[in-house]
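Heads up, there are several structures right after this.
In the two complexes that follow, chain A is the common piece, with chain B as its partner first and chain C second.
So, the complex of A and B:
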């Protein structure tokens, strides 16, 4: 039971991080390695807000989301748009975002020091019991928040014009241009929304772990794994992959020890991709090709 | 009155390769023009060059008197140029409904997409039961219907149709072409590439011939006499 709660808590956070990576990759062909630093910057933004403006949970969460969205938009304006369509733009955006990733961690360390920062508690310190398992408020709060936000995101993607445009981009770039979709304009929306989701994930994870200059690396790697495993561009696939990865992590940590988590995770991705090279998305969306 | 489409001295290609050579043509309002030519003689490249979906292009392309040069493909599409490409370029993982609705992405048709979808379903009733199915699971004929249907979702001013018969069983090809020719053009024009002349005979206003990337009808084929060697203008207005 406690494994189930940990799984859902991790899955919630991983989904939020990975959907951004997945949509950016599938929709724009752009692998954004700065996603981890966007995550960290949003965490610092929330911490700074709590220190200087207000510790109200709503304001702290909104600050994290807003700073994440702004950081995502900055990557769009500073990296994606200037390089899009140039020679070798895929490898150049990859290099640029990797550089931002390293630079960002060092700039944050220079600005705020190496010591971890603690965010105020968002969901209080309450807890309740399901059977004989204690569920803490921060874990259940993170799960509920992520589920609500993911539901809003999915409805937006399925119902709105921009949502259709993003889904179309993940399928066929030429077809998208033919029906009048402006990829560069949608890139801004995709990266800002991805950043906002990463910002929310950052604030939620900071309820358990502190914010530090390199706290975005592990979410970046896990997010990449989940995005790949889910099948790029597939929202249901990404959520399913997040649950799978989180379950493997929770089970490994409980029965084998935390030091084996990365190993079992890479084992999982190797096995899944051997069987389903396109990731889980192909199972859930019966046709892609 | 300006033509729906006016092309002057258009050359286009990919990298060092030139495929289309100095092509000039017009498509009048409400006119359906056939573009005949063998495989590999530049029909597809010519249609794609009109919407800037080629490596490079020079010359002049005007839609209702306004230039399309310098506009990206999506911008030409939002001006009302509808390309129904060879190979369909559908979105296989999205439902038929989403595929159709994507054709109405331009802001002026988006709010009327329900109405326009109903119209497409009137034309292709077979798609009605497939609306919630991923387009990737359809048969070749149904995919073509979705592709054409997606083109009809936009309130287009110019339809560029690239070999609608390719890959279809003969009987299906005939009905697909007939469907295309029975559409109301509302002052727009249609340029339809085809290599099977028998399919479009008797239904088209005018035929242009493309050979080796050049129009063999001369720079302007609008004055063709019925029944001459090129066969242009040989048909009755649909």
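So, the complex of A and C:
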């Protein structure tokens, strides 16, 4: 039972991070390696707000989301727009986002120092029991928040005009251009939404782990794994992959020990990718090579 | 002076060779020579990596995994069976080829970014495996292997000299392999397959075999470099599999210019200089390196060595525009014979279609 709870908790946070990576790849065609630093910057934004403005949970969460969205938009301005349509675009976006991720981590370290920052508790310290398992408020709060936000995201993608544009873009960029969808304008929406989701994940994760300059690396790597495993661009695939990865992580940590997590996770990737070379979602079989 | 008689790049390479041969006579601090040996190790790895990444267009990140595993194999066999350093190099090479073969098999099924992820994970896997395995020294690593630098010369000037010239020799070997593969028939086949796989197949090129061949050759050399590393430092530790080291190597390749040996050497030299020389500057040097990486990727399309070509292309477009050719700027490069390229800035509409 406790394994189930930690699986859901991890899966909630992983899917928030991975969906941003997945949407960016499918819609705009680049792998955003700066996603980890967006995550960290949002965590610092929330921490700064809690220190200087207010410790009210709503304001802290909103600050994290807003800073994450702003950081995502900054990546759009600094990487996507200057490089869109240029030569050697793939390798250059990869390098530029990688550079930003280095830059961000080191600038944050210079500005705020290496020691981790603690965010105020968002969900209080209450807990309840299911059977004989104790579920703490931060875990259940993270799960509920993530599920609600993901539901809003899915409804937004299905119902809103921007969501429609994004879905068209992920399926066929050329077709999207023909029916008059402005990819550069949508890029802002995609990167800002991705950043906002990363910001939310950052605030939720900061309930357990503190915010530090390089706290974005692990979410970035796990997010990449989940996004690719899920099949880039497929939201159901991403959520399934997040649950799978989180289950493997929780099971390994419980029965084998934390230091084996990377090994079992890698074996999982190898097995899944060898059976389904395009990930679980597999929707992009022909759309993008 | 008839310029065309000499082969292309003759000036650069002969200058590099001369500097490489005589550098220790001018600057001979042991610290500096040590940095040079490290340069030779990283540059050899990068040259081999750019063969896979650039010439073949395979998105492999297995470089450090292969080199590190071979380093471990060499160190382990030296400690366990007491073999000497020439045999360590042989074992490293063989082990590198073996790991390369195992890694290359999934490559037949996986494409692009998925293969990148798998190979990315490989280094992490090796890192956690070596950290938790006591037989391989655990987190502290294994030290005490045989070395081509005799024990009594460690820390002396002559020891540093041996390390320097050994590294220099290895770098030349790596460059010769690069030249043979990239400039030879295999390179031509690989580039054809990289640009269009269906076209290459239609020509009758055995794409899988060509890719396997380049992967095996480069992996064997990476294994050699790994064993050299182990022998030079008398051992290895799990930190060789570090994510940040891998990213640093990647940055070296792209800053200099992917797809040219000259660019790889220049990029390696610049980033290694920033990394080693300004150690006391702390995070500021990492910020400088990251800024350099960012600017290079935004403003150049083929790294630092691609700048002259980029300027030529740009000025050619401008010249045509001044002549009144602005009505159709996309045709400008073709007009002056620099090579028609639709992915230029002057043709964003065409580029959008191109990318899908």
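Everything that follows uses one rule, which is that the second predicted complex is superposed on the first by the 282 of 289 C-alpha atoms of A that agree within 3 Å, B and C clash if a C-alpha of one lies under 4 Å from a C-alpha of the other, contacts with A are read in each partner's own complex, and residues count from 1 in each chain.
Throughout what follows, a contact is a pair of C-beta atoms (placed from the backbone, for glycine too) under 8 Å apart; a residue touches a chain by one contact, two chains touch by 3 or more.
What you see is a predicted model, and the numbers here were worked out from it, not measured in a lab.
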Chain B versus chain C as contact partner of A:260, first or second or both or neither: second
First (chain B), second (chain C), both or neither touched by A:180: first
Chain B versus chain C as contact partner of A:168, first or second or both or neither: first
Greater chain A contact set [chain C / chain B]: C
Partner chain in contact with A:87 - chain B first, chain C second, else both or neither: second
Contacts of A:99 with chain B and chain C, given as first, second, both or neither: second
Partner chain in contact with A:224 - chain B first, chain C second, else both or neither: second
Residues of chain A at both interfaces, chain B in one complex, chain C in the other: 172, 174, 177, 183, 289
Residue ranges of chain A in contact with chain C within the complex: 25, 29, 31, 78-79, 82-89, 91-96, 98-100, 102-103, 106-107, 109-110, 172-174, 177, 183, 217, 221, 224-225, 228, 232, 259-260, 262-263, 265-266, 269-270, 273-274, 277-279, 289
Chain B to chain A touching residues, read off their complex: 51, 53, 72-75, 77-78, 83, 85, 89-94, 98, 101-103, 105-107, 110, 134-137, 150, 154
Contact footprint of chain B on chain A as seen in their complex: 161, 164-165, 167-168, 170-172, 174-183, 233-234, 281, 285-289
Chain A partner contacts - residues on chain C that touch it in the complex: 106, 109-114, 117-118, 120-122, 124-125, 127-129, 131-132, 243, 247, 250-251, 254-255, 258, 283-284, 286-287, 289-291, 293-294, 296-298, 301-302, 341, 343-345, 348, 351-356
